[in-house]
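In the two assemblies presented below, subunit A is common to both, partnered first by subunit B and then by subunit C.
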Partner chain A sequence: MKFSRRTFLKLGAAGAASFGVSRMLETAPDAMELIMGGDEVSRTTGKHLKPVPSTCLNCYARCGNFGFVAYGALLKIGPNPDHPNSRGRLCAKGQAGLNLVYDPDRLLYPLKRVGHRGEGQWKRISWEEAYTEIAARLQGVLESGHPEEFAFQSDRDITTQDITRRFVHALGSPNALVHHPVGGPNKQVAQQLTWGVDYDIPDVANTEYMLIFGSNPYEAHYMRTSFVQRITEARSLRRVSANLLRTKAKMVTFDVRLTQTSGRSDEWHPIIPGTDAVVALAMCHVILEKGLEDRAFLDAWTNYSPDKLKEHLAEYTPEAAEKISGVPAEEIRRIAQEFATTKPATTISTGGVTKHANGVQSERCVALLNIITGNIDVKGGYCLPKAYNFREPEPVPPVPARKSKLSGFGNYPLAMTELHHMVLPMVKRGHQRIQVYMTYQHNPAYSHPEGWLIEQILKDEDLIPFYVAIDSAMTESAYLADLVLPAPTFVERMELESPAAFEMVPFVSLRQPMIPARGESVPITAMLIELARHLSDDVAKYFDFTADEYLRHQISGIAPLVQAGGLDYLKEHGVFYDKEAEPQYEVFKSTGFNTPSGKIEIYSTKLEEQGFHPLPIYDPISAHKTLRPGELHLVTHQWMVHTHDRTANCMWLSEIIHENPVYINSATAASLNVRSRDRVKVISKVGEIETVAQVVEGIHPQVVAIGDSCGHWQYGRVAQANRFKSQDPNSKLLWWGQEKHGWFAEATGTGNGVHPKPIIPIMSDPIGGGQCWMDTKVRIKKV
Partner chain B sequence: MVKDTPPGGEAAERSTVYALLSRAFLEEPDVALIRYFRSDGVQEVLASLDLSLGADFVTRPETQLQERLARDYARLFLAPPGHIPPYQSFFVGGLHEPEENFEPRLQGKASQEVAAFYREHGLVFPEESAAFPDHVGVELEALRWLSELEAAAASRGEPSQVLRCRQIAGTFLREQVLRWVPTFCEAVVGKSPSPFYAMLAQLTRSFIESELEELTPCGMKQEEVHP
Partner chain C sequence: MSKTQSPHASTTDKAPRVRFAMVLDLSRCVGCHSCSVACKSENEVPLGKFRSWVKVIEKGRYPDVSRQFLPALCNNCDNPICNRNCPVRATYRRPDGIVQVNQHRCIGCMYCMASCPYDVRYINPLRKIIQKCFFCDHRVDHGLAPACVETCLGRARIFGDINDPDSEIAQTLATNPVTTLKPGLGTEPHVFYIAADYDAMDPTSGVDVNHIHFEHPF
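Presenting the complex of A and B:
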């Protein structure tokens, strides 16, 4: 189309500037001089890049990082060598934080839904409009006399948890659902019942023996880089002690898959899912039978006599364990002996043990191995976490008297935190009415089991009349919200952390903005302070501080940090720890254990009171007992370069992992006439998905596995990576989303894999209440 | 070399067109902008350019129309999935950046170059601004400012300064704006849910293309002109 220029210019004359003019640019004082040929500003000055020390949050390991900034732009994220946990290492996820900041799909402005819920019709609103609308809704909740009908599910960095809880409690609602992700409650409950804290820190750097159950620290442990670097150190030959070159620490892994960790272990023992406990107990049986236990420790620091324990373990013979787990009895005997006679030694266990219906008991059984061998909190052993606690500024809102099943634990009296995966299903079942539901960096539609059900609940305006999603991305859940508020990414926010210390000296680390928050995104702390001020004085009185002051309050109880300069010190260095302090081992000798008896509770009266077995037992999983011919166990797993739902729109990461076949053992595949690259359906009792088979030797024949983090249906172009043809330059880079790039896309028609969680039924461990991610029975059907 | 007829008189009109386009891309239309497009004069111009905003643009109540256009604006430029980020560095890399290095993102190389261009020529893009310097509306605003200066210089009878303003604007168009705005406009035309933004995109594309011709010194081909 060719316009007549003259006609065009009439547009200027026609309205004579009757419309308002936007001004985004300002004129410099020397503008005229510049435009008329005065001095010029050099584009490239070779200026030194400004490093900003901060703390990563692209996974929960929370490593120390540096942002390198020039002219207001973040050019690179690198590791902070002074961080005592991560010690100058930063994984791919941490470095790809840059992708989040400059993601063209990130949310930059507050949006209000204008069409039907889930229709994707929005309009931009101002923050003031957003605050006013939310405040009016919350005022309505208060006036209804049911403050518990306001629920808030959020991310779990410490500052966010604290400020969110403060806000929700200030409104009188107990439903500050802030603590745990959907995978952790069982481990937490097991640890709290047994030794009064969570979680264990295996001191792997100093150990001689690592016995791993259902954990994949080379790829996916929750302390990731900080942890695995110490494992590799223990596995190297460079440890020198008293002029003696020691051999590397031994590593033995029980896992259903040949994971990155299994593959790097001295031994890998495939095991039937959910049977780790029986193997651990059989090892304890052997240790006690051979008199290899640390009797002095057991007598002094546990609440159950070794002789009675031996009696209890009598039934758990290696032969009995072999029948249940498939692990040969002689291997169990040998490993038990090795573990008990190699000092120091430690176990490592995470989701493969705890994400089952018997997760709490299984974790207690694994812990028992450390207890009976006296490896508790010793150098190189199974250690208590060392971290700082933070303070809350006065006045602190009282814990609401009003109870709710969402945050009360209903059928799970021993659960210690809310059960995230149960929240929305409980709303659907009528256990709690909701007027206002808010989420912060939380994406239940994608990350909860039976995601399709969760999506339906969020779409239902009778169940969830008003939904506010605060996020930096248009997630599957945010897409169903009424208001979507832009949050800064983790490199643009300020929060405090004190993760458990691998050097056994507690530390505080600061997450601080490397650059100002992009667009109109507002950090959650500032957002809640402002929202409180839009509510009554009764609420606002708990928020009489700035975000900066709030953080200063949080660390005000840590005397050596305050002396060093407090928040200002942290802003300069990113991390604080007492450099003179010695590593803390055997702390219990001065403090006792934080349990009713002050000792390790092999015998738990709390379990007994609730009708559970008070001793560590193998509790067969009922769903597994009925495994019929043709049925297989489905397990999910994480990838080294992804963190659940959060990283799929990071171009650098999704380029590495973007599709997830179902891994199946070659013998099993042969019996089903399935070959690699065949398209298959994976069918559970709650749904089915289609993906591609990958036939491997390294997986138990009764198990199939699918990785998570793939298969997004919202979140952004990179995360979705559907096949598309467009003008969009991103489509050129998303080679995995394009035609004929490879066999996965050929077979499935998508470039971004499948999402396994919708076919995983909502199911909880009866003790800990944690979701049973690993207990799904499936059939595989060739398409 | 300057054209025989100094185009100072046109510069003020050009500046108004840039102001209009810039305003329309930077924010959702308000009532004043809707009334401007509804005015007889503008409707006439659009008709002669063979562009239509649809019958209901004139008949629909203003507030309804405003809501509708706000929704279209969010759909096109703000709300994922599938929106068109209105930023240069989503579409192209730096001027001399090898194509294989280019990665669509916010505040990429192109954005930095545009910000540097503003700095060099006396414009300040405030650091605290929520927008980015390479937003299509901001780039059009820079061109508005240059044509405003040109108009002022013309009215003062300072041809060398008129020339300087035109050179700078021409360089900016050639090196930055025209590398991506036509593609951007094409995408908007393809995705616009209603005629308004399709019209705006067509207008913008044609206008900046005609501007390049206008600002290229006589007797020179565009590719011969160096910054």
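Presenting the complex of A and C:
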């Protein structure tokens, strides 16, 4: 419902509640007199447009949105103010979903390769031909008696991974290599080992102190829009009338470079990459030494005594940490004291901590800070995720008995998901033969380390005899496929989501088509159901439903939603949550933790069984020990307007970020005689790229950084910064292409930046198996 | 449901005059460019032009460095120099303070563009007429907040009628230290900034770390 701040103030909280305004929105101090979201008028006719409530998927945050439609065309995507997580805000990526739908180079019809692989010659075929051909190939796999030689790899799917897994398992293959965990798998493994769920929700809206390690929620976080709006709320200094909205929460950031987040923090402490763990442990050392720990919580809810922990941490003194991380010991002492004495407080940690060879242990060390201060699942603390689970319709195909190295976790028994970056290299090394390889919204040739190797493997018809790519854009990988099937963008699909709730009340939101799928694109659910019907009855019996029935079944276990009207309610409102429910804090007090001991496992027997150190330790990264003079750490980073490899074809986003220089500290640059805009080579042990240097102050002198998401060599002409004529007049106004704009294009040969991933070697954390994105050593050479 | 009356209604009803304005609270800005893109989407702004932009600068010396943001848009001044220079009276100030361009009268001579001290007007390369931020007047007339205000992640943007003492913006302006861009020019801008940085406000100062390519996009 629409309501203004003024009516709200007049009614008071009780009145507002009786009006159906949720408890959640009462806390939002920002409803202006004008209508904020959910409505749209045409600029030309002044008429209201038809709103369709849905859910975004231009990143993982899955915010609530509205599509505004007139005459069958989608004119605008706006925010949904009733969504409990995103509360009527939508980021640049969400707004630019419109560009994805109307990308002139979008895939609209099934294509079959006619020339050699990688030549880019295609023939349009019908869906029937496509289904028949894939079915024949899959039948061949089944008849060969090696169903595991069919592998399906997907990305950017969250709830559809269940139906993908169902399809692959129905065929008897274990190789359902579905959605790669956000922020890398190391964080998931660490969290699971420590407190039995695979991620955390820092309750930043209610916190008083945020201690950030290697995280940049202002630009990139897996729950970014929901997350950052609550951080700004906690840090606002604004008064409305006589009321200060809130006291300002402190934000302290340890990061290797000055990001939007660290650049707006109260304190930024530059740190050597991969050494966050030793700082976190030194802080724990100080807290225990000064007796500031929450002893009651530690005794009741952890499996390790504070005294023994103190003994374990004896070696991690602030002085020792200073030597390793470069963070002054007195700063560590002060921040530790502040963190322990400010209640509630929480840490925030993502990629900068976990995308290292010591990712799992480092993440455990950061989590330990919350544990010893008793900030676990309290209001304003470090909270457990609250979400609904979906149900799968019976019969569910049994998990195949056959084992495959691709999905068997091999040397990484503690890994929770398949090691995506290892799949194709393992095929090349002969660990698994492949007959049919299918991908859905997955672009390994671009997004994986040593991408040139992946490209080589995909081109090799002996290694990958038949490759089917399902996507909405001609990605670098789809370009090497035998069959390319068009999938609709997130705007044209029907899917359910239940992301973790920031208001601590679980909710379900529906992604529904704002417009019918363009061209002949078919959603993955319908596609797999149809494909199953082209196969034997043994497979088809697991797909005896329509896409709509499947969704209805998925939510059938959520009683309050079924009562409210189930799928029809969601189609009308877009999102469902129990409006009467109270926020759930300290749920572990009734349920315990989902770990073997039922407590937080500071001492992990699972780690011990696998021969790893059972306690949180700082595990020095071997590559770092051998850093020679002239060598620097390379880190990659996300931009505030891009999502990894998926958004470069959004012209409004690429217009803002399309070039990615290598950021280098001024002192380091001076020693290398490099100035801003100089052309430089960045050389690692697996390759080199040529780009432009940008000398800045806000980066650690031992670190260079290159942004992600740029440098596409396929993915449509917008992503490649090529100007062209199409029905969209904007395509001939594209100005950042090489013929038009200047020095970056001159230096790099393209207007769309460079791609840093080919120079990052394939390397995994020995515990979690996650790719070590941040452990590359490089040299900078002026050209 | 909205309390906001259309400006036309307000003049005939002899109600206190509506004056729309915007406050940008930079303690809440995260530099995310949601406003830039929402504006493009709402107003069909062609590539290469922006009605709303966020300048991101880095300042200081390592390790004492910070980032500062400056979202910029048309100030919809009370004393718009651009209007005076229009030879065909295409650009005018509405009673509610929004500075508009009559798209049918504009001849694309760019005099207004040259006279704007904030460089927020551009010539549409497809239609060859002048455009700029109009506070999403088509939305405001229907009681909706401007697109950038609606979507702002940090709720850094507050929009409303400053002549209505009960409005959030009037109360915010009354109780917070605010500033405007180039106040010395006497243009009386109606986009107010809370916690704005001196260097970010200076068009010739600071390095836009994300956009080394161009100094200013407008």
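In this section, the second predicted complex is superposed on the first by the 705 of 783 C-alpha atoms of A that agree within 3 Å, B and C clash if a C-alpha of one lies under 4 Å from a C-alpha of the other, contacts with A are read in each partner's own complex, and residues count from 1 in each chain.
The working rule: contacts are C-beta pairs under 8 Å (C-beta built on N, C-alpha and C of every residue); 3 or more make two chains touch, one makes a residue touch a chain.
Worth saying up front: this structure is predicted, and the values here are computed from it rather than measured.
Once chain A of one complex is fitted onto chain A of the other, the partner contacts of A:Q260 are limited to subunit C, with no touch recorded for subunit B.
When the two structures are aligned on the shared chain, A:S590 is found in touch with neither subunit B nor subunit C. Once the two complexes are overlaid on the shared chain, A:Q714 sits against subunit B while remaining clear of subunit C. With both structures placed on the common chain, the touch criterion links A:A667 to subunit C but leaves subunit B unconnected. In the superposition on chain A, A:L653 makes contact with subunit C only, not with subunit B. Within the superposed three-chain model, A:M474 lies in touch with subunit B and out of touch with subunit C [touch as defined at top]. In the superposition on the C-alpha atoms of chain A, the part of subunit A touched by subunit B in one complex and by subunit C in the other spans residues 2-5, 7, 30, 32-37, 40-41, 43, 651, 729-730, 733.
Of all the residues in subunit B, the ones that touch subunit A in their complex are 10, 12-17, 19-20, 22-23, 26-28, 30, 32-33, 35-36, 39, 41-42, 44-45, 48-50, 67, 70-71, 73-75, 78-83, 85, 87, 90-92, 102-108, 112-113, 115-116, 118-131, 135, 137-138, 141-142, 144-146, 149, 161, 164-165, 168, 183, 186-187, 190, 202-203, 206-207, 210, 214. On the subunit C side of its complex with subunit A, the touching residues are 1-4, 25, 27-34, 36-38, 40-44, 46-48, 56, 58, 60-63, 65-68, 125-126, 138-145, 147, 149-156, 158-161, 164, 166-169, 171-172, 174-176, 194-195, 207, 209-213. Those residues of subunit A that touch subunit B in the complex are listed here as 1-5, 7-28, 30-37, 40-41, 43, 71-73, 99, 101-109, 111, 114-115, 120-124, 473-474, 516, 518-520, 651, 714-717, 720, 727-730, 733.
Against subunit C, the residues of subunit A that register as touching in their complex are 2-7, 30, 32-37, 39-43, 46, 48, 76-79, 88-92, 94-96, 98, 218-219, 225, 228-229, 231-233, 235-242, 258-260, 263-264, 268-270, 639-641, 651-653, 655-657, 659, 661, 663, 665-667, 676-677, 694, 696-699, 701, 729-730, 733-736, 741-744.
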